[in-house]
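In the two complexes below, chain A is the common chain; its partner is chain B in one and chain C in the other.
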Partner chain A sequence: MPEGLDAWQLIVSGDATLFAIVRLSLAVSLSAVLIATITGLPLGAALALTRFPGRTGLIVILNGFMGLPPVVVGLAVYLLLSRSGPLGFLGILFTPLAMVVAQALLVLPIIAALARQTIEDLWREYRDELAAMDVGAAGRVATLLWDSRISLLTVLLAGFGRAAAEVGTVMIVGGNIDGFTRTMTTAIALETSKGDLPLAMGLGIVLIALILLINAGVWGLRVWSERRVGA
Partner chain B sequence: MRAPHSDLPLALDEVSLRAGETGILDRISLTIRPGAPTLIVGPNGAGKSSLLRVCMGLLAPTAGGVSWGGRRDARPLRRAFVFQRPVMLRRSVAANVAYALAQAGCPRRLRALRVEELLDSVSLSGLAARPARSLSGGEQQKLALARALARDPELLFLDEPTANLDPAATRGVEEIVRAAAGAGIKIVMASHDLGQVRRLAGEVLFMVRGCLREQSEADAFLDRPSTPEAAAFLRGDIVL
Partner chain C sequence: MLRRHFLFCLSALLALAAGTAATFAEDRSIVVASTTSTQDSGLFGHILPIFKDKTGIEVKVVALGTGQALDLARRGDADVVFVHAKAQEEKFLEEGHGVKRFDVMYNDFVLIGPKSDPAGVAGTSDIVAALKAIQEKQAPFVSRGDRSGTHVAELKLWKDAGIDIDAAKGPWYRDIGQGMGAALNTAGAMNAYVLSDRGTWLSFKNRGDLEVVVEGDKRLFNQYGVMLVSPDKHPNVKVDLGQAFIDWLISPEGQQTIANYKVDGQQLFFPNASQGS
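After this line comes the complex of A and B, so read on.
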């Protein structure tokens, strides 16, 4: 299969186009996960530790949003950011920033919902001990986040996997502009339909390799810290 | 910072606790004063654990009042609790003690030294770096004691701390409890082991079905129980 060979050559030769695409994809997905983490972990912790009317409904909705169709999120963000939309004045549609916003919205429910479950499970276990040690609300959140950090790492990984693999939102709000908003997934979709299979396959290989590499890294970190703290 | 006032005497006034239709504690009045350990004895389901939790302030009574040194809303600054199955934080042995010290307001610069002293006092010095969850049941119970002592408590509650331990580990825990009592900490401990009552108790609270039946000196309780239930319990009969 000549396409396969050509794909390897592209990767090994350090093709500039290919690596610009890889760099943008990583930057967008990692930024989105970072934003979703900063907002999603406290949200998950708050949901885990508080009781209020409508909480169960909120949890069901949040869990359901883990399966949000990317194209629908893309459409919603498109409508918000388009020239006539409420946030159109920002002028960020078809920029990497718009892609980060859209992916963060996609990943936020995953991180918040899984973090809520993880933290609530640990809270059930810790509740009596922390009460007996007179730990205040802020201390409880900090303790639970810290002591579930290994599980939360897997939560972040799930969020990253979602962001790195999806094509729908970045295609709609980024526009797949060559050299500006073209990511690995949108490029694969485009090159495949154009018939440039070596570039599509090269990108596919890089995408899978990156996801495997990041997962392996997190796995190693997990094993190392479990050995240290006996989680 | 430490509160200057004392949590003793601990007084319960007509305390009742209900969970839905089920009565757990029934109009219990008692006073716990400084002195030799108080052991709460009685059959399973008598309400010993619930009584301890009310005394600690972990459970609010449905009716009646609890006061610590005459105050009703005292935060548990100088009280500590050791659960029957203590939960180890997912940290090292030393970090578990350091956490308790930090919560109790121990200044950072003194913590390392205090951790060492506390682990030494429960003979766990050699295991400081181990993950707390990898310890045996007896070692976990000793670590829970070190965490509780880290609060520098005036009152220490223990909920059947040796119920799941073998004799050697039981002896280790009892030695720590005795040393704590010797250092002036008031021990309040649930137990259904009469041997343990003989070994440790200065005073006994005898409970059956959520009611307090006797509060007396340990020797008096063991030799001359004043209720038929206590006599039956001491004989080893099944008391329901």
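After this line comes the complex of A and C, so read on.
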């Protein structure tokens, strides 16, 4: 990033480096949330609707994993993807793909655990109706997921917030490589260590603004769809 | 209707993900494990675009302390290491992880301290006497504590001063386990002394009350070296591209490019390439 510029100047001048960093941050975190959603929602639904021995233990573990320390997940993924690790042959360490994998692992428990709770609550309400409708298990899951979609949207936002805000995993598995794996959070860490605190703080404000913007957009979508459903 | 909008959002997300996947594509690039001092001082920002223009090779720098950078290369996760702790580099070579070591450039370490100078060491050029005074007065001192080249150099200087730092350390000696910039930030906040490489100090912006208190001792010499990671040990190493980077660094053109890097008119690194050892 150019020397001696503050974050505001970078924004108004449309600084290409800043936009590339913002774009990478969003692409990585949204991809991670997408993967965690595709795997986490069915997992949460399955846990909500089935009964088997050890289920309670599994739920406690899943809930606990919502608090996985990013730096530990980063280290674990690093050891997996390192050339001397079991998945080293893939050669994806220090790429955005590795960052997506690590963030997806971080976000998956949040989405699965919160989805499980949401769906289970709804199921208690709907149990008799669903039984009366005589639909199969897949049909039940689909109905419950669809009917709780607005609450689930908040679940996805919680996952996105976690991914966009963390620095621990992306620093370790991405390496904070200039122009390639540098995200908003690792750029902030770097500018802090260079002692350019105004630029670091400015970038922080840009990041917070982005997260707010995305949340506002989803809120708008929610209000809009509630109106439709209400009509 | 609603379902269609939901699907639309989902496909928009997928498109974004696909866009990311496109940026994953392989190119002519190498991974260089290097030190925070070369990155934080802005040296790489100056030389790498010039190298890329000439060769088309993209250099991806992972900046860590020297110890960590060498460990990263030991696991085969880098093609080239560019660090500054000669004894550790030679150990790396002996273990067979590196091909050959070349001197690239040097600068020097400086002792940074608060303007109030509680240990009364400002102005001397005897680093050993200064460290003795700091320890005697129990003046706050920040240590990198991260096995970086600067940390290794600091430990050696304590030894030169005849101080067993493990035994002598107390609340005055703050081992923070972080990079050079973080150590300078901490020293600034605590009015502490800290050993820094000159490059990072010159480009550091949050100086507060800190200034250079000791410089010019020949024991403060700081040599940087570069090595190709051994393809025999790590078959995935990009030998041709990595060697091209090393050859350029020690070529007259690369050396001149390093010499040309200045902050506020001051040269940060002094080229002194060798023919290898």
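Simple rule for what comes next: the second predicted complex is superposed on the first by the 220 of 231 C-alpha atoms of A that agree within 3 Å, B and C clash if a C-alpha of one lies under 4 Å from a C-alpha of the other, contacts with A are read in each partner's own complex, and residues count from 1 in each chain.
Operating definition for what follows: a residue touches a chain if its C-beta (ideal position, glycine included) is under 8 Å from a C-beta of that chain, and two chains touch if they have at least 3 such contacts.
Remember, it's a predicted structure, so these values are computed and weren't measured experimentally.
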item	value
Partner chain(s) touched by A:G67 [first = chain B, second = chain C, both, neither]	neither
Which of chain B and chain C A:L93 touches, first, second, both or neither	second
Which of chain B and chain C A:Y126 touches, first, second, both or neither	first
Contacts of A:D196 with chain B and chain C, given as first, second, both or neither	second
Which of chain B and chain C A:R228 touches, first, second, both or neither	both
Which superposed partner A:G14 touches (first chain B, second chain C, both, neither)	neither
Partner chain in contact with A:V135 - chain B first, chain C second, else both or neither	first
Touching partner for A:P53 - first (chain B), second (chain C), both, neither	neither
Residues on chain A lying within both footprints (that of chain B and that of chain C)	228-229
List of chain A residues in touch with chain B within their complex	125-126, 128-129, 131-135, 139, 143, 147-148, 150, 227-231
Chain A-facing residues of chain C, complex	1-3, 5-6, 9, 13-14, 16-17, 19-21, 23-24, 31, 36, 39-40, 42, 44-45, 58, 60-63, 75-77, 178-182, 184-185, 203-207, 234, 236
Residue numbers on chain A that touch chain C, as the complex places them	3, 24, 26-28, 30-31, 34, 82-85, 88, 91-97, 100, 146, 149, 175-178, 180-181, 190, 192-197, 221, 225, 228-229
Interface residues, chain B side, partner chain A - complex	56, 58, 75-77, 80-81, 83, 86-87, 89-92, 99-100, 103-104, 130-134, 147, 151
